[in-house]
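Which chain is which? They are A, B, C and D, in the order written, and residues in each are numbered from 1.
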């Protein structure tokens, strides 16, 4: 194996690593101005993104491809157990992860130049992004879990990087404790699977899944893995940390967590569970205690994940209904969205994966974008409560419109990407027939329920008049805020929000290029296996 | 050499895990929670080492290698945890996790 | 078709005269058409336009369905046309004088002109649907004209009542139309009735083989429904309550709409239906029953009423009852003949009454008195009208009423069930003569008004007197028209329908004598009680007091209807509103509350203590195991592999 | 062929954007766009080639266009549009209401650019629904209508506008969602090759009766809430009462029609077997709506609420006519939708004018307004009389046909709608008696008759009500240029 073909595929990762190192180098040299650091970060992310898009063969960008066609979507040689493996769906996820990092770094460029902790922020951000990219190429359970940790550990620190803020530190503590517990559960699950299959390689596990000797061990192993990974995905009841963390973390970090890192959990679900879920009607896990022959591993896992999905979306929505704080409302909504995404792996067909992946893509734009707006308007005198947004849409038409658009997209209103993704996801559920249609019904009813709290925010933003107090405070805060361009948001943030908004509408109107690419990738993923 | 029966061994590692989780749930002291996590982690590491004896395929990562990696990883995790403990202690003057409940509902 | 008279031009100062001019032109046309019809009887169908067309489709209309509007001139419509245009013109003319003090004259003339146009349209309709279209239009004109003095709450209320009560009839009528349309959809030439727009007649022969139509239940029901519609419009029992209240409108309107024309439309409808479609014998009995009963029933109420206009209104109801009875007994043309004469003498009575009201400013008979001297023309006109109404020869009413009685009498042999209603109608003759002359004596006899505060009475301007004179003349001679061969031909021709019995001629002298005698007796009693300014007061302890109260309260029917309307229907409606707000919408809000409290409870679990969160994770782990090891296998075992 | 329908949509889209951008000249832009739109609709009407009929049992459409949109193999979504008589007549209604609303709200002072923009946007959504021949495209426009209406109610509405806006949005959205499940199941369970109307139509007969019935019900839930039918109607009175006049006009005039249109186009035609199965349910609901709407109207004191409940009554008749499943019934339903669109819009305009002339819409607290505001009073009369089904006004031909069809289908059951006609007449006549007539009451000294633009807005509608009342065949000939012609019935 020559050096080029070994390093070539990892150009994006190397770019990010280089960016990280450069930032820490600048820190050491005392060059800590936010502009420089953000330029480095944005450049690294953009280059990585271009490279990934090139590998995906995205139009003229394909000249940037560093992967040869034979390296993508090819099954490894029989009996070999590679640690990593390139799939086009993985590349799609890499692109999504990089997009979320791009939005956050772009927005952060608007911070004051003497922002304390900036090098740590950018460095850890790039490091976490690097971990995310690794998740997307994993093909070994241990590699996967360690890659997730490469994301998690910088994330804990990112949440708490503003060391003087009690709320951030409390959030970091909660994040860490629940994260550590989940890590233990995941690894324990992996160890049980290792015991059952004698390997941690996902290809081999998939190949052996039907001939395993320790049925209960397998089920327990998958159970632990579900619980461990559910932490990242914020499935109910593994979700409780997420709200406090999204709330306590700096909003830009919340954007990254909600928009970016929770998606690695979903891809991990894809990797770990797609193989078993597709094992329909293959006797795998021994006698059922209820008679009727052997337990089918596939349907069993499918039902478990389906129940989790429905519980998650419902509880998340109900929790969000009467929430009074904006960030916590967004956090709860984020939880319920995770339920939708889980539908994809529950069904496990290429259309369903397409829908889920598109939903993930949409969520990066919608939730990431929304948190970026929230982060930006803090400087404009908008407090944490939803009621602090009174009259916001009228006072700041453009920002208001962008935020309203993100909320409408979250609610699944047509002409937005949020609608298209749900449409495809639920279409796939209906198309899969069987009991999956009930997932679509549950999902759709939930999205109807969710409209209530999004509409409430819109109501506050557009229909309520700001009281004199809020107006005065807002004016004072706006006056004392550092003079930033783009109406006080700063240009970088404005560009990030604008990019998200344009993509929301653009893909909502003409989704074909994006959906087509994702579907192609998902088909390979399903047919070729992990 | 007669291998330890699987069930027995699983009972051991399960007990270790349970102890760790129990500690995590009942302790309010951050440091003790960290220790509880490590105990639970050790159950995992023990599992890998034990199951390595059964792994016949011989491809991919071996159980022993995983165990070593995990020991290193656990150390990293503890380091990060301690950093957070320090930060929390400096701000709140306490490492009781139950007292950090400003964020709720 | 006689046009819409330029209703929108009425904003001008001389709008009234303009309207009169158009009405005159319409009268000229109408009279011409009528004379033409007399000279050359037959059915003439003119241009029609298709209002709605549905191509052939499976189902009830295999040859397609057309709904059309067109004109048909035949003896029936010619006669009605004559009435409508002549009385219309005279009333218009009279209005110039009568109404000149009022505000809102453009509106008045516009609505009156629109009414005339609609009435003409109704008369000339060539199918039941078109008939209904104009029927509703005259109804709404009537509604507006009753409510002309809309500032008066009683006027507004009367207008509402009129609209709603006739609406009940309209709805029944509509259903009757449906039944006929469907039952006869494929009957007749050229692909059937439906494909030809349900017109009454196709050129010279009626479309449906009317006459004996057997005793089909469906057709009986249809006939009863048509009767219901007619009862609403012609104020027959039990839908009569609106007409006395309709007297809130200007007297001219009462004369034109609520005496001569619109209320007669119900009779006309029955006549048209009986000629072109036919009634079953059950229907006929029902119609006779309603007509005969109403004739008597309404007359009883007129006996005690103190309001001059309402007395005449009750009389109208009663007379319409006669017409209905005649049509019901199978003598459509006899009924129409009475309609013809009645239009003149009843319009005369109303205009005369209007003249009185115009002069003294009140409608209360007990305040009037001694008006004969200052108002000679009016007094004479009222007397002529009263004699005509009472059926004293040679006045118009005698001929036509006598015709009805003898016609029904001739059927008694074959239809013994007609007997009671015949007797009721006969009794009503006496009452009629009594109440109308009671009114005359109260108003005109004596020396001076009983209420001294009344203004000094004087005769109205010439435009008011001329119509009185003309109508008096008509009330005198209209009955004699029957002896004109051409006019009789009009009545006898009957659109080629077999079985139209002869009209006047088969006079039973005994019958006539009894009826005239009854009339004279009535007049005599009236004179005895009320003549020469006398006022008869029923003793307070008389057993008749309760009857009097019953009559004055109109048999409590209006109270009952008001109760139904205000208490029952409105009460139900309030109840429904309550249910709507608090039960149906309450359920919607119930969902909101359920989710709200659920949300609160769930959020309370978000305690902020990280150990709790860890506990949830472990609980979740246990839950996942339960799903994997228990729930999912259970589901799979019981619901199959999918 | 020239893409005339896309041009139609583009006109409104571009018009909306321009209106949003044109600040204080927004009303002129909006008017211009409305006229351009009307001209295009006129072109459509004039050169409407007629309904192309069936091809292989599948209805064809005039002016149809189709472009690929989302093609994923298992999911083939196209941008497909086309019209037949039914859609054309409703597009025409949109054009009329659009102009009338724009003119009526000529002096809108509160953020006029946004106001007129949202008006146009609502119309765009409605036109989109009427021309869409693809499941997704249809649903997209269907939902897109909600957003501008949400803002119209919530920003320009009355005192409880916030509550009403959210209720409207959530309630109808829930219904749409159920409908979406039905639509998706329809596509995938029938094995349709694409989301196109024609392919769904062709594939639907493969579904079993039970499946069809189930799908029909789920579609009906979506359409029924929009109708609205009892008992899913409670969003409507609140939305109407709180909406600004222009909002009420579009809401009653157009949005309610989407339900009827959808039911005919996407449920009745596509799922005849299922339709047949659930017919009794539809009848019950229709009768309930007819009776309930009318009876509850009688108890209302708020003019707008009264008209709102009368809308429930009228749309109940529409549902009844549709449920009959006969050629005549469908014709009546479409005709009645047009009629109700014009008449209810007119009545809501009068309600709005009453409100800002007299400061209240409480029927009981004003009276005798005719001498002060004769024009307004006349408009109230025209609207009320039209609404209670007076001949020569537009509702009558529609109601007559509907009742005729009811007699055909259900015989004596027709007595329910017929009897309710009396109640309908009662509440209108009673309202007129209390509000228009009698001695003046609650008339502020400053009250004066309508400004020209309100008169013009209402005049357009009153004119339409009279014109098509006298000459209904103009509409009928258009409507029957559709699958209604020769609809085999059940």
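Just so it is clear, a residue touches a chain if its C-beta (ideal position, glycine included) is under 8 Å from a C-beta of that chain, and two chains touch if they have at least 3 such contacts.
Quantities reported herein were computed from a predicted structural model and do not represent experimental measurements.
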Central chain (distance from its CA mean to the mean of all protein CA atoms): D
Separation of mean Cα positions, chain B and chain A [Å, integer]: 26
Distance from chain C to chain A - Cα centre to Cα centre, in angstrom: 76
Separation of mean Cα positions, chain D and chain B [Å, integer]: 64
Whole-Å gap between the CA centroids of chain C and chain D: 36
In chain B, residues with contacts to at least two other chains: 21, 24, 97, 100-105
Multi-partner residues of chain A (each touching 2 or more other chains): 173-174, 177, 181, 243-244, 433, 452
Shared-contact residues (touching 2 or more other chains) in chain D: none
Complete list of chain pairs which touch one another: A-B, A-C, A-D, B-C, C-D
Contact set on chain C toward chain D in their complex: 49-55, 57-61, 65, 129, 132-134, 136-137, 140, 143, 147, 150-153, 155-157, 159-160, 163-164, 167-168, 171, 174-175, 178-179, 181-182, 565, 569-570, 572-574, 576-577, 580, 584-585, 587-588
List of chain C residues in touch with chain A within their complex: 595-596, 598-600, 602-603, 605-606, 608, 610, 612-614, 616-617, 619-621, 623-625, 627-639, 641-642
Of all residues in chain A, those that touch chain B in their complex: 79-81, 83, 140, 142, 146, 149, 153, 156-157, 160, 163-164, 166-167, 169-174, 176-177, 180-181, 183-184, 187-188, 190-192, 194-195, 198-201, 204, 214, 217, 243-244, 247-248, 328
Complex contacts: residues of chain C adjacent to chain B: 603-604, 606-611, 614-615, 618
Chain C partner contacts - residues on chain B that touch it in the complex: 21, 24-28, 97-98, 100-105
